[in-house]
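Pasting in a structure now, in structure tokens, and then I'll have a few things to ask.
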Amino acid sequence: MGAISLIALLIAAIAFSAGGILVGKIFVKGSSNPQKGQAYECGIPTTTSPWHQFNVGYYLYALLFLVFDVELVFLYPWAVVVKKVGMIALFEILIFIFILFMGFLYAHKKGALKWN
Amino acid sequence: MFSLEGITTATQDWLLIKFNPTIALAIECVIVILLSISLFALLGLVLVLMERKVAARIQIRLGPNRVGPGGIFQTAADTLKLIMKEGLTPDTADKFLFNLAPFIVMMVAMLLLAPIAFAKNFQIWDINIGVLYISAISSLSVIGILMAGWASNNKYSLLGAMRSGAQIVSYELSAGFAVLTIVVLTGSLQISEIVAAQQNGWWLFKGHIPVIIAFVLYIIAVTAETNRAPFDLAEAESELTAGFHTEYSGMKFALFSLAEYINIFIVCAIGATLFLGGWMPLHIGHWEGFNHIMDYIPSSIWFMGKTFFLIFLIMWFRWTFPRLRVDQLLNLEWKYLLPISLFNLLLVTIIAIMGWHF
Amino acid sequence: MFLKDYISDVYNGVSSLLKGMRKTGYYFTHPKEIITEQYPDNRATLKLADRFKGEVIMPHDENNEHACTGCTACEIACPNGTIKVVTKSEVNAEGKKKKAVDALVYRLELCTMCNLCVVACPSDAIKMAPNFEHSVFDRTKLTKILNKPGSKIREGIE
Amino acid sequence: MTNEEIKEYISAHAPNATFEETGEWLNIIIEAAEWKALATAIKGNPLQMDFVFCLTCVDWKTHLTMVYHLTSTKQRHNIVIKANLTIDQPQIETVAGIWRTAEFHEREVFEMFGVHFSNHPDLRKLILEEDFKGFPLRKDFEDPINMIKL
Amino acid sequence: MYNQTEIIKDTTELGPEGELVVNMGPQHPATHGVLHLVVTLNGETIKKIEPHLGYIHRSIEKMCESLTYRQFIYVTSRMDYLSSHINNTACALLVEKGMQIEVPERAQYVRTILNELTRIASHELWIGAMAMDLGAFTPFFYAFREREMITEIMEDTCGARLTMNYIVPGGLMYDIHPTFQNKVKAFIKQFKEKVVEYEDLVTNNVIFQSRTKGVGILSAEDAISFGCTGPVARASGVNCDIRKIAPYDVYAKVEFDEVIETAGDSFARYMVRIKEMNQSIRIIEQLIDTIPEGDFVGKTKNVLKLPKGEFYQRVETARGEFGVYIVSEGGTTPHRIKFRSPGFSNLSALSHMAEGSKIGDLMATMGTLDLVIPDIDR
């Protein structure tokens, strides 16, 4: 089958999830209670909202990831042809990885990979 | 001999004779939908039971043994219970995103089924960029988790989602590099060609130590990508109660947990395909007799056997190791796995170019 | 030097993890080590320790006689008011009026199984029994009268 | 150090202190006002009383008594220091800055006996609810709802 | 209890920039009970921890003021339920000291053996629970297998598995079970075989070590200042074993080492407890074959009355120094009774230890403090 199978799979996913939730909705008579709508925080009413500015720690990794993920995307076509092209492809990618690795070492030296 | 290939071709031929191509395609789609839904349901039931049984055996206890013989209907009963539970949405949550998140996670899991070769010529879509497709789609699942964590308006969920975001994107790299080693050796992104390249032996045995290292890296990385212990920081229950799905209940929770198990199945299936030859029986070089005997075992059983072996391996990890801390987790990836996998990729490239592999 | 440390780090880490996996793998492959108690299934053969403190009982012999004199020593000894002794006056064979137990009320829901009442009893009328299946649907069932209806004190116990 | 030496040292720093040696350890009864200065003095050399292993209060109906059990982890001598407080306005200087364990113990005494520790860094209720009335461990405390009388 | 509109109003409020106030507990899988910590976070880093106690405060001290000296002993089992035997011993020792009751040697030997068994059982449970806090579920079951043998010994001899109530002023409630010695020996044999399993699964595990080494460091000065005792203080290098400082029962007669580590981190606290179990085994081995024959309880009056005065008794429980302070007016009940519980002081150091570390470290720190909430709340 071709790309149409993806649409079929999407329909399957939605049907599966929605079906399950709907069956629950139909058969279950819920009761209403103001406590039920409360966010769970170990049984204590929440004090501050979590929707505000957050520690930067995770974002540095996300940035680094972007760099390396782009590299990975470049490597895919290279990986397919490397056997046919031979040694020259290896040297080319060595240069490419070397430059990236220098960047990685720089980030490491700068402490981007250290928490806080 | 039982073969899924025969059934599919027979069905396809019959459909094409009976109906015009468009209707035949539509019917095929319906069959795919039904098959994938039942595969999901079945996998969910089997994997949860398997996890509980493996955990029980490792922890010197019996595990579920009340519902049905040996407890085999336990998960069915649990699912029924989860369906019958009231799905709560917190008043303060972003209701649209909150309800959308489980759908996204499920869709990603479902889409990943497309290029997997379950048996010889039994594949939904043999896309020529199969491996790339898998890494592209699988990186989408983090969106569902982030969405769930953010929309819940719960601090545990938010922390869990953030952790899982950082974790999944990081380990994506090592998984990608590990996959690339096989692409380098095979020279193709297509799943069927990768399997065919293992006609005379699996890559794990053909590719010397670098491929074994890649295999280990792959297993570690996908364990982290599927948020499994010892990398289950997104739902570390001793720290964040239940992490990103703290607020989910009933069927919505079931969908998250089902998606987790399906994802394990998929990454293990891909691992089995890339390193252990997929549905390819155990073939050793030129031992024709041995290879023929191996061929008598249906290819679907070979595939499932290898996949479930890898699943067992991942479950074994979970019930043995303590959980890492979030900064150690990222350290492990950026300071150990990533440099090693980069170096390993170069090694494999040299092997591939020089033709040193078997 | 750095590389050597790095490699030994990785090696030690991986080998320690493999050791752990060998241990759990051993138990996975040895179902004989399983220690699960088969509780409701082995009810018939379940043998509790003979000293197990499950509840207070008052043993009666075949003549429906017990050894309780109604002296209320157990009631005094009890730290949390579990036992209440209701006494009555009884005329004995010699025509003398004598205090005797009417009802020894025992409230299991208050009992902490501390055994102080058994130790305090001068005539060994009560003892601890190894019963532990106490769950009932009605809490009032936990208030028990230990002396059986129509029972009386055994001869010769003062 | 012997009890005599301890007595001598303490008399020098708290002139109004009286001693009692009937119990297991040396008891020293001091004025509440002298406490902070004495505490600083005995924490350092030569007594090195660096460990408060018990800090509590006793209600004598007419007055309250703060009881501090101290020991030295280096010289292993124990002393008990007592300070009488009035029942209407019990107040004593905190020693949370000298022995950090006192911070929690003083908070407990504060809510259970109503002793006010001046200059305590964080004198709030630790165990009871914020709006709880009364001091449960005092002898005159009556709780009509949760009776624990037998 | 809480008004809904109030809650919605509250959650819309924002905390200070970049700060997140999270309640951990009372309904949290890692707090082992109803401990409530208000944790202020900056990202994943802990800025402040504020314990809120009292969820199971039963005012045992007030209750004991109306109980006689025979009765109040059993209440102390409900404080630190994992070392209930040792708590009971402390109370009995205090009454014996106050009334000068002679305790027969046999009772002293049995008490000591049972105390050490209790200590092992408590540490076994702690290993399992702590490994679980760090995300390893399996050691819990292995630890409980050994602990089960101890509870069975307790069940045979004392008639209960957790709150034994076997100690009375003057000795023991009844004599030991005839199978006691053999069962203890069987336990020692199995324990020695199986305790090495923790090495593979926990001690040497690289993840466990990186989770605990250098985490939650408590210096010796701080440990003393915070009043920490037991394995927590000994891991920081403080000599504080009451069994050595002020020996009771037959501890003066047996040979054992006080386990001291100097690192003061979570791993040191872990190692102290592991080594302490081996020392406990050593003590039991010395005593089990030499239990003297004789009475198991000394002569006591029917009604116990402590003379007027003040009494204090310290013992070493699995968690640290447990003290009983009784002010007696000469009656049948104490005038004031104070229990100095080790957990309360150890908890007060938690905030100091965890500040600046990650949430994951908080679990390691809290796990190695070995908090038992009824012990803290009393």
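A few notes on this one:
In this document, chain identifiers A, B, C, D and E correspond to the written order of the chains, with residue numbering beginning at 1 in each.
Operating definition for what follows: a residue touches a chain if its C-beta (ideal position, glycine included) is under 8 Å from a C-beta of that chain, and two chains touch if they have at least 3 such contacts.
These numbers come from a predicted model, not from an experiment.
The minimum number of touch steps separating chain A from chain C is 2.
Separation of chain A from chain D in touch steps, taking the shortest path, is 2. Contact with chain A and chain B alike is made by E. For the pairs B-C and B-E, the larger set of C-beta contacts lies at B-E.
Chain centres were defined as the mean of their Cα atoms; on that basis the chain farthest from chain B turns out to be D. Distance from each chain's C-alpha mean to the overall C-alpha mean is smallest for E.
As a whole-number value, the distance joining the C-alpha centres of chain C and chain E reads 24 Å.
One finds 42 Å separating the Cα centroids of chain C and chain D.
One simple way to say how far apart two chains are is to compare their mean CA positions; for chain B and chain D this gives 63 Å. Listed for chain E are residues 4, 11, 20, 22, 28, 44, 138, 145, 201, 205, 207, 358, each touching two or more other chains. Shown for chain B are the residues that touch two or more other chains, namely 58-61, 91-92, 153, 155-156, 163, 241, 319-321, 326-327.
The set of chain D residues that touch two or more partner chains comprises 150.
Considering their complex, residues 10, 17, 20-21, 23-25, 27-28, 31, 33-36 of chain C touch chain B.
Chain contact summary for the complex, chain B toward chain C: residues 54, 57-62, 316-317, 319-321, 336, 340.
Against chain B, the residues of chain E that register as touching in their complex are 4, 8, 11, 20, 22, 28-30, 41, 44, 131-138, 140-142, 145, 201-202, 205, 207-208, 210-211, 358-363. Partner chain E is touched in their complex by these residues of chain C: 12-13, 16-17, 19-20, 22-24, 35, 48-49, 51-53, 77, 79, 112-116, 119, 128.
The residues of chain E lying in touch with chain A in their complex are 2, 4, 6-7, 10-15, 17-28, 36, 42-45, 358.
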